[in-house]
Amino acid sequence: MELESLYQQIILDHYKRKVGYGINHGGHPSHQYNPTCGDEINLQVLLSADGSTIDGIEWEGTGCSISQASASMLAAESKGMTIDEFEKFAGGFREAMRSRGEIVLDEEEYGDLASLSGVSKFVARVKCAMLAWVAAEDSVTLTRGSLN
Amino acid sequence: MFSHEDSERIRGAFPELRERVNGVPLVYLDTAATALRPAGPVEHESTFALTRTAAVNRGAHTLAAEATEAYDDARATIAKFIDARPSDLVFTSNATESINLVALAFRLASAVGAPERFALKAGEEIVVTESEHHANLIPWQEVAKATGATLRIAPVTDGGVLTVGAVESVLTERTKVVALPAVSNVLGIVNPFREIADAAHRVGALVVLDACQAAPHMALDVTATGADFIAFSAHKMYGPTGIGALWGSASVLAEMPTVLTGGSMITRVDYDSADYLPAPAKFEPGTPRLTQAIGWADSIRFLDDIGMDRVAEHESSLGAVLYRLVSAVDGVHVLGTNVGVERVGLVSFAVDGVHPHDVGQYLDSKGIAVRVGHHCAQPLHKRLGVDSSTRISLGVHSTLAEVEFAVDALARVRGFFGVA
Amino acid sequence: MFSHEDSERIRGAFPELRERVNGVPLVYLDTAATALRPAGPVEHESTFALTRTAAVNRGAHTLAAEATEAYDDARATIAKFIDARPSDLVFTSNATESINLVALAFRLASAVGAPERFALKAGEEIVVTESEHHANLIPWQEVAKATGATLRIAPVTDGGVLTVGAVESVLTERTKVVALPAVSNVLGIVNPFREIADAAHRVGALVVLDACQAAPHMALDVTATGADFIAFSAHKMYGPTGIGALWGSASVLAEMPTVLTGGSMITRVDYDSADYLPAPAKFEPGTPRLTQAIGWADSIRFLDDIGMDRVAEHESSLGAVLYRLVSAVDGVHVLGTNVGVERVGLVSFAVDGVHPHDVGQYLDSKGIAVRVGHHCAQPLHKRLGVDSSTRISLGVHSTLAEVEFAVDALARVRGFFGVA
Amino acid sequence: MELESLYQQIILDHYKRKVGYGINHGGHPSHQYNPTCGDEINLQVLLSADGSTIDGIEWEGTGCSISQASASMLAAESKGMTIDEFEKFAGGFREAMRSRGEIVLDEEEYGDLASLSGVSKFVARVKCAMLAWVAAEDSVTLTRGSLN
C-alpha cells in the first residue's frame, strides 16, 4: 500500500490547522482514549437550543496526524448539520472506514474528509480516524440527554 | 452414523490415527481427555507462526495489524460456533481457568462486599452437583471456605442421573451460584441444563455451565442453554492445548469484576489507578494466545464442515452401541444408566477383579488408548461405589469397527488377569 | 557482534525474515513486543501435535505416558536455562498471568488474613517503580485497593535510571512486596535488581522481578537475581504464544496460597474439601499447555545453541550502535540515558512534530516493523514528558545493516511530514 | 513392549496374596495417594525397640496389581532388614524403576521384587510400583522421629 494514499497533503494541513481546537464553551464533552497509544481527545458538540442542529464542535487532545486531522475536518464539515444529517453522515464515514478500501468517500458530500478514504486500507489506523467521531456521537447523546 | 466414505475422509484428516503404538495400529478412544488434531489446522497454525508472528493489539506495523485481524477473526469464528457475540467470549488457558475466573470474581467481590451479585457472605449458598469434574468443584469449595458461604451438593441417582428436582431440592432464596456440567465426563449423560438454569434463575442465582464434554459433541447455542457462564476447552474440540474460553452473557460480564489485570485491557493508566476496557478485553490482560486462537478457529471450521448435528448423531448412535456392547461383557459394570437419558459417546465402567490401570494397560498393548483412574471426579466415583474406572470415549473419527475391536479386547481382560 | 556467517546462519532459521511487507523485505525490529519464531521448534511442535497428542498426567496409555514425559522434559529444559529446579517453575499463559498469580495470592490471603507472609492490611506497603510495565503495576494497584495497603512508587531519574537508593527511599519496615522490572521495556536499561532485592529483603519484603525483557537477552541465574518470584513469557524468547512462567523460590512457593484450582493438582478430593499437590502442580490445574511447553523448550535450545553470553554481547553491542545513531538524528530524542548504565538492544524515542503512529507508519512503508504507542507503560511515558514513543528493539537475528537502514529511514521521517 | 514383561505371574500372585495386608498394631502409618487414579495406601513400618531393624510392614489400600504386588513383596522382603540395609534397598529399587528398562533387579538381592523390573519400561506405571515404598520411607522417618 502506498504511503501517499494514507497521508494526503490535505490531511497534513488539517493536522497543523486543527479546526475547532480549544474548548471555550460550557457543554457536554466526551473523553475518548485510543488504548494502543494512549492518545486522547476531549470533544464536545454544541447544539442549537432545541437540540436539532450542530452549532459547532470544539475539541482538544493529542494524537497522530490521522486522528487530529479527522477531528479538525469533522469540526469543519459538520457545522450546521441537523442531528439526523449528522447521524447519517457519521454512519457513512464509519462504513467507509471499515470497508478496507472498498468505499471511497464522496468529495461532494464529505469535503476534506474524503481525503481520509485511504485510511480504511490501513486497518490499524481506522481507530485513529474514528476517535473524534466516537466522541462526537457520545457528546450528542450526552447533550440531548441533558435537554430532556 | 457416518457412511464409510465420510468416515474415511474424516479419519484421513488425523495423522495420529496412522501411528502405531506398541507395534499395532492406534485405536484412540480417549477424546474426552484430549482430542486428536486434524492436519489442516495444525499446519495452518504453524505456517502462521512462521510467517505472520507479531504482537496483537499493540502495533501499527503491517504484520501486527494482520495478526490483530487474524486474532479477531478467530474469536468471531469460535463465537459463531456457539451462537455468541465475539465480545461475550473471553479467551482463557482452558476450561479450568474459565471456571476459576468466575469463582475468583466471587472471592474478590466477597472480600470487598461488591458488586452485590458476586459478593457472597456467610449464610448464602453455592450449589454444585454430585457429578462434578474437580474443575467445577474445587474452585467452589475454595469460594465457600473463603467467604463462609455454604456449599450444597445436588445429588444424582444411583444411575448417575441429575434431575431438575434434585437441584431444586437444594435451591433456596440464598443460593447465589449454581454450577453444573452440561455432560458428565464420567457418565456421558446429558443433563437437563436448560431446566436447571431456569430453576436457578427463579431463585436469582447465576448459572455456571461446564460444557467441556458438550461443546465438542453437539450443537450448542449459548442463549438456549439458559446459563450465565459457559466454560469449555479447545483441546477437547480437536484444537490446540493452551486455550479455552469463558462465555458470559453481556450484562453479567459487564458487572463481573476483573480478576487478572495488566496491559491491553486499559484505556488510561497512571501510577495509582487505571480504567479498564469492556469485555472481553477486561478479562484478557497481556499478550494473547494468538496462534492458539487461530488453530482453534480452524478446528471449529473442521467441525462445522462436517456439521455438528451430524457429529452428534454419529457419536451418540455409536455411543449407544458402545454402551450396549460394554454392558454385555461378563464381569463389567457400566457407570450410569442409559434409560431415559440422552447420552454422548462415552462409557465408563468397572471390571470385576481387575483394577482400571490394569484394564487400561491390557487395552494399550492392543493399541487401544482409553482413560483410567478417577477422571478428575473422585467424589462421583465414590458416590457410585468405586474408586476409579476405565473410560472409553468417542470422537468424530471413531468407527463401529474400533468399538467392536475394543470390546473384544475388553472381554479378554479378566482371562488375562486370571479372574474370569 | 556475530560474524557475518553466524548471523546468516541464525537468520536462516527465521522464515519470517524472508517475507516481504508492502512489497519490500521485512526488517523486524519489534522483538521486545513478540519475537519471531525459528522454523525448527515450530515444526517440531506441529509434528508433535499431529502424532503425539494425548492427555498429560492423566493417562496410562502409551501416548499419554509419552506426552507426560515430553512435557516434564520441556519443563526441565526451561528450568535449566535459568538455573532453576523444575519443581520451582510454574507454567502460566504469559508473564502477565505470572505476576497476577502472585498478586492474587496476596489478595486472597489478605481476605482471610493468612498465610501471614501474603496477607496485607491497611498501613502495610507495596513498592513498585516508575518504570513499570502495566503488567507489574495494575495488579498491585488492585491489591492495594482491595487490602487497604499503600502503593509506593520508587522514582527514576529524568534519564530513566532506577537506583538502589531510590528504592531504599520508599522502603520501610511495613513494605511487604517490592515489584520491579529487570529491564525496562521502554528504556532498555538493566536495573540493579540484585542490590534492590537485597535491600528489599533487609526490610523483609518479597521481591517480584519482571524479567520479560531480560530472559531473552542475557544469561539469567534465578538464584543470583535475589528475587523471590520471576515472571517471563515464551513469546518474547522465540517461543510460542500462550505460555509463560512464574519461577518462585521453593520455600516461598510452598507458603504461597493456591489461586487457580481444579484437576491434576490434587491427591484427595471429596465433596467438601481437597488436598493439593506441592508446587508446581498446586498452581497448574487443568489440562496443561502441552505443545506450547514443547515449543518453548525447543526455542530455549535454539538460544542455548547460540549461547546466551554471545546473544547478550551481540545485542548489547548492536544496541549501543543503535542508541548512538538514533540519538544523532535531527529532531529525535531518545528516552533514557546510556551513561553509567547497562543496556539491552532497545531504544525508544520521540520525533519532534511527528506522532509515533505516523513515524511507525512511515517506517512500515519501508518494511521496518517497530512498536509505537505507550508500550503498556503510560505512567513512565508521562513521567518522561511524552504521551507515547516509537521503539526499535533488537533480537538475535538483528544486523548492523538493518539498524543503519532503519536509522536512515528515520532520518527522513520529519521531511516526509513536512516538519523538518 | 510385551505385556508379559510387565505382568509376570508372580506379580499377579502377590496381587492376590497381599503379604502384610491389614494394620493390626499401633505405629506410624503413612498415607499416600496416586493422584492420577486416586489409589491410596496406608502403610506402616514396625521397627525394633531401638529403631534399628524392621520387624514388619503392615498396609492397607486399594490399587492396581502393580501397586498392590509391590506393597506385598516389600512387606515380604524387607522383614528383618536394618534401617541402613533398607535405605540402600529402597534406593536401588527406585533407581531400577527410573531406569527405563536399563537396570534389571538382581533376584538374589530383591527376591520376588525382581519381577517388577519390567515396570521401568512402562513409565506411567512407575508411580504405582513406588507408592508403597514412598509410604515405607515416610513411615520410617515418622517412626524414628517419634523415638527421639
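By letter and in written order, the chains are A, B, C and D; residue numbering begins at 1 in each of them.
The rule is short, and it goes like this: a residue touches a chain if its C-beta (ideal position, glycine included) is under 8 Å from a C-beta of that chain, and two chains touch if they have at least 3 such contacts.
Since the structure is predicted, the reported quantities are computational estimates derived from the model, not experimental observations.
Using CA-based centroids throughout, the chain positioned farthest away from subunit A is D.
Chains B-C form the pair with the most C-beta pairs in contact.
Here the spacing of subunit B and subunit C, counted between their Cα centres, is 31 Å.
Averaging C-alpha coordinates per chain places the centre of subunit B 37 Å away from that of subunit D.
Subunit C and subunit D have Cα centroids separated by 45 Å. Centre-to-centre separation of subunit A and subunit D, using mean CA positions: 77 Å. Multi-chain contact residues, meaning those touching two or more other chains, occur in subunit D at positions 36, 38, 122, 125. Among the residues of subunit C, those touching two or more other chains are numbered 22, 58-61, 64, 264, 266, 268, 357, 361, 372-373, 378. The residues of subunit D lying in touch with subunit C in their complex are 33, 35-36, 38, 40, 122-125.
Contact residues of subunit B toward subunit C in the complex are 15-16, 19, 21-22, 26, 28, 30, 33-37, 39, 42-43, 45-46, 49-55, 58-64, 93-97, 99-100, 104, 107-108, 110-112, 130, 133-135, 137-139, 141-142, 146, 151, 153, 233, 235, 240-243, 258-264, 266, 268-274, 285-292, 357, 360-361, 363-364, 368-373, 375-376, 378-379, 382. Interface residues of subunit A, counted against subunit C in their complex, comprise 1-3, 6-7, 12, 36-39, 62-67, 122, 125, 128. Contacts from subunit B toward subunit A in the complex involve residues 57-61, 64-65, 68-69, 264, 266-268, 275, 277, 281. Contacts from subunit C toward subunit A in the complex involve residues 22, 354-358, 361-362, 365, 372-374, 378, 381, 387-388, 416-418.
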